[in-house]
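Look at the two complexes coming up: subunit A is in both, with subunit B in one and subunit C in the other.
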Partner chain A sequence: MTDTATRPIADAPPRTTGARGGVAARLASGPLPWLLPAVAMLGLFYLYPVIEAVRLAFTDARLFDTETAFSMRSVSSLAGSSTLGTILRNTLSYTVASVVGQIALGLAIALLVVRAERARLRGTLVLRTIVLAAWVIPAIANGIIWQLLFSEAPFGAINSALRMAGVAPVAWLSDPGNAMLSAVIATIWQGTAYSMILLYAALKTIDTALYEAAAIDAARPWERFWFITLPHLRPALLVNAILILIMTLNMFDTILALTGGGPGRATEILSLYAYGTVFQNFELGRGAALSMLLLVISLTLTALLTLLLPQERR
Partner chain B sequence: MAKLDLSAITKSFGATRVLDQVSLSVPDREFVVVVGPSGCGKSTLLRIVAGLEAASAGEVLLDDRPVSQLSPGQRNVAMVFQNYALYPHLTVAANIGFGLRRARMRRAEKREAVARVARLLEIEPLLNRRPGALSGGQRQRVAMGRAIIRNPAVFLFDEPLSNLDARLRMQMRSEIRALHRAVPTTTLYVTHDQIEAMTMADRVVVMNGGRIEQIGTPTEVYSAPRTTFVAGFIGMPSINMIPARYRGDALELPSTTLPVPAAVKPRLAGHAGRDLLVGLRPEHLDIRPGGDGLVAEVDQIEPTGSETLVYLDHPAMRLSARTAPDTALSPGMQVGLRLLLERASFFDAETGLNLVPPPSNLTGELTA
Partner chain C sequence: MTISRTSILTAALATAMPVVASAEDLITRNRVGPPDAENSLTFRLTAFDLYSADDATAEAFRALFTDFINDNPGWRIDTQLQTGAIAQEQARIVEQARAGRGPDCAMIDSSQLATFKEAGLLAPMTPFFTDDEIDDLFPFVRDGVTDADGDVVAWWWFTDLRVLYRDTTLVPDAPQTWADLQEAAAQVAETGLEGVLFNAGRDEASAFDWLGHFWAQGGELVDEDGRPVFFEGENRDKFLAAVAFYADLVDSGAAPRRVTALASYDDLLASAAAGSTGMFIGGNWMYAQIRNTLDADAAANWAVSPLPGPTPDERATGTGGWAIAALSDDPAKVEMCAGIARLYAGPGNAFQRLLPTSASLYAEYEEFAGPEFQIFAEALEDGQARPGVPIYPEISNQIQILLGNVLSGSATPEDALDAAAAEVMDAFERM
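And now, the complex of A and B:
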């Protein structure tokens, strides 16, 4: 302590006292100690499993076999697989339809809520809460709910309603052509809440004076949307698209509960296929390779969307 | 180019009455500044003229045509907002040209119109920038450009200078006036800053509590305020209000009695024995040895360079006086005061009204 007293006093109050604090202070001023906890957590629970999955993809591991050998068979078997082609087509149509549907519907509801709030209408909070309620339901329960709704048995709610309206019942889940549509509807119904909240928050940040200026400039509704709302929402829409894309690509519990991937392979998407490969066929190596494929697809699409994000707001 | 009339505009939000029977006539090309403390309803009034709010009762007339049923875009008004409300994703040129979207003009004509406005406002080099890359003063000009280009019937300004620093505010004040001279357009300008009102207006409308307190030229509202509110709101430092009673040709003031000058007597006639307030501007209060028998203690001295403001404490009131810059006063001194009663305004202490009502000027005819 005595040597600190003889040192000239710095203009900033000293953060540490004594020589002992020197190393700790130097460390604390660098980024490493602050990053370490996060790096450790991510490494342990995210990075390690990914590396392990990569390793497994290059083995012939089976779920209940302890003996494994390195092999290219898991990976190479995917190359010529016609099943995988079907799965990828399913994944593409399911993902595109769900993502577009969730963003469009979420945006529509968010615009509606903001508009209602500006008009000082009652009930906007109730509406927001109802929409959010869908998001609170676990995906697997969502699948079961929609299975009951779509059910072609006499108690199926949608078909009952159609019958009452004098419309012929629809084979929602048993017709391979309709099953994918049903899966997309169930996914959109649940995921819309997420888009809605994200876009609602973004809409709330838009200065209302801009809309007033546009009103005085005699802008029509589409012009207000095109020149004010949409440019402001661009970053939020892209972030929303990235998040929903990842969630939808990884979605499997709703479909598992709704159709189980059927009829046939009509609604089997990549994540469900990987699940089946591991837990029904016990082909751990092949399942790991499929997971890698899913990871690569997710990363590529995310990277592409990220490129569209404005680097800095001007 | 248009005449703007407001007839008995009333606006209530729920149980709160924000505007109460506000009537105002603005002749073609006049620059009218509406001034008042925050919450007095001046911005609401402007928004009702713009069509952004609907009046609960009353009518807005443009060239004697009621416009209350028209949308803001149909009224042919232009507005400059407090935060400018420039479209952040459009260039300056696109912002200025926004109002011409549907004008029947060729593309080259529109570009020429934008260039002309940019030249007028000296923002030509900025045309390709976005609003985010502009300074406050530049944004202000772009906002005005967007308003001018449509050649509107009425210009509306909603506290346009309050986001600027003092020096820029002063510069923009004179630029807006110059612009009005170059493009004479009926203008309604809302501000809480009485300096803006005094320096820019052809006529000033002083509002308080949802009502118009006085309409008049800057000189009128300054030297002949209709109410104690106007007297206190206009002028910096505030007017001195001295309680008094008129009795037997003399004014009984706190701690002294002054004879009333002959010129002032007619103004006080008929108010003998009533409680009055003598409104005296700081420049009409002379600090001099002896004075009129009114003695106060110097509390604070504020030299501004061109003059020195002296704040004084008297047991009954606080006073301020404007003196020459080379004053030898110092805080704590006891000084005598002389009141220039000829220049004073006299108010009824109970009603707050000037004993001599100034010309009402509600009709909007320029008195010059």
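And now, the complex of A and C:
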């Protein structure tokens, strides 16, 4: 054994004497003081509301009642609810279709923009700006815009165009099946820009030498996409999927403006159901329980997607 | 000595300027009255009058509030705007009032009055209204604003009702019964237009517009104790008959299936303006909107009549509107709030041509002399307010879902009613 194991490091700060001095010094020299303000702010503005929502979920609180008691009623009422099954099915189909659509379309546009830039075509900036314009529109306005477009009145925009093309008008919002499709289209239209920007940035980091080498090897376009682009995009795609998933699960304002959840409950998703439970039926406890369910679903799916990330990116 | 016209104008402007400046200073985006007034009152209002986007309306209310604040020296009204998200805004008022941060005076949707009364947040206003004023209120209004102790705790300043609009070039005579309406709508539909439109999407308007057909048969949503009973006994038959009326309109093609996506009166107005529908069920306020939106000739074709019933003698229409109530314990503030309510109920209503809640006001203001007000006043005799019970929002929600499911063909009326009943009773038991 060499003496290097016990030799003091020349540059190390002198140790203070006494236990309290030691703890204080260790704390002062660690990252805690730097992190404390951020932790305090996060705790106050993010963690506390979550804790409060958890507490409310286990009460019988109503918005207009002054007295509440701890109770399992809110949670148990959901367990036996047939409506919740319908809501969860709607949420699943809406979320999966919207997330897949946003990623696929965002990737397609990002590839188009990168390809156009490499070919030194004009107009790529305009294209990116147009796509981003949809993203800056508030979700509630997005719902109203698409409600006007999908209007089934004789003067509805899309149906009028279809009629001019000799195609029969579509019951975009009044047919329960089509209404969900319409909600997904409206969501994809707005959310695609976010995916496009993330994936565009990731595409720009891929070394062009790889494509040049592939071209020398006579690789076809789909082979270049499959064997070069996709593997390099995998982390960005997964991060994109996680962020979009959370945003889509929490989305309710577009659907609120577009269909209000109807016809019937055809487009009522979990976030909209929770909103209605609190602000229409004033059931604060039950609404909090629904929010907790939404949180658990978000966390579970996020954890599953995170497992797919490469180890160094987690 | 001669005085030039320019000099006269200059002198007039110089004299008028301080007055104009004074009026402008008195009313800002968040205040009525001098900023340094010794007394203040917070008033939460909607954006349809004092802060209306319509310049004429805003100007008229600025004049009314200027007179009001001049009549109450030493007071300042701190105004707070409500957004259009009514349920959310009303819930916010309750939450803030419970925390001691609520407004002193607020506009309350009549459908939420029961909730506010139940929460015990409203201050009695009885001392600030005369017995004659209270007795002059329509009975359904008086019931709505009176609490269990017999105190008037709000002033319902305008009401509204649902009526049938028709293009008289397509439907010359007002349908008196459901069968008349279906026949007339079917004839219009044969011409390629939409026969009749009504809200049947996910919105309170859909449930409330439809409820007139249920109430016309004597149907009751809740019993005397506030327990939901619309799905049992005779009420069940009446409920299903009213649903069948709508379903028959859609299934026969007299009404388009797209009504399940209609949840706004604006959509109905747009169809009337486009001339694509023969009739629609809308609110009384749309009479003025039609006159303002369509050109004079087209507007003259549109007539209004009471909602048809299963028989000519069985009629009902839902009556809504807004109230003003005090949420303060300070009697001086409650009195000021009552004064604001009186301002809205009288001259404010007259300007906006909203329906007053007191019979005498129809005679007092010449603005209510139009023939349409005669029809509205007659229809109000069959007016029915929403039950003042906490379960009503869930009943309304389930009616909206039921209408969507039945009219889109996703469920039979019986199954949809059973499902609605189960949901409502679950919610009722959680109360």
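Before moving on, here are some points about what is shown:
Rule of thumb we're sticking to: the second predicted complex is superposed on the first by the 284 of 314 C-alpha atoms of A that agree within 3 Å, B and C clash if a C-alpha of one lies under 4 Å from a C-alpha of the other, contacts with A are read in each partner's own complex, and residues count from 1 in each chain.
One rule holds in what follows: a residue touches a chain if its C-beta (ideal position, glycine included) is under 8 Å from a C-beta of that chain, and two chains touch if they have at least 3 such contacts.
Computed from a prediction, not measured in an experiment: that's the story for all the values here.
By the touch criterion stated above, A:N281 is placed in contact with subunit C alone, subunit B being left untouched. By the document's definition of touching, of the two partners only subunit B reaches A:E223; subunit C does not.
Using the contact criterion defined above for the overlaid structures, shared-chain residue A:E52 touches neither subunit B nor subunit C, since it reaches no partner. When both complexes are overlaid on chain A, the residue A:T83 reaches subunit C alone and has no touch with subunit B.
When the two complexes are overlaid on their common chain A, residue A:R265 makes contact with subunit C while staying clear of subunit B.
Residue by residue along subunit A, subunit B and subunit C are tallied for touches, and C comes out ahead.
The interface of subunit A with subunit B does not overlap its interface with subunit C at any residue. Taken in their complex, subunit C has these residues touching subunit A: 85, 87-88, 91, 94-95, 98, 115, 118-119, 194, 200-203, 256-261, 263, 267, 270-271, 274, 276, 390, 393-394, 397, 400-402, 404-405, 407-408, 410-411, 423, 426-427, 430-431. Across the complex, subunit A meets subunit B through its residues 207, 209-210, 212-219, 223, 227-228, 231-232, 313-314.
Partner subunit A is touched in their complex by these residues of subunit B: 50-52, 71-74, 77-79, 81-83, 85-90, 98-99, 101-102, 130, 132-133, 146, 150.
Residues 60, 62-66, 73, 77, 81, 83, 151-155, 171-176, 179, 259-266, 276, 278-283, 286 of subunit A touch subunit C in their complex.
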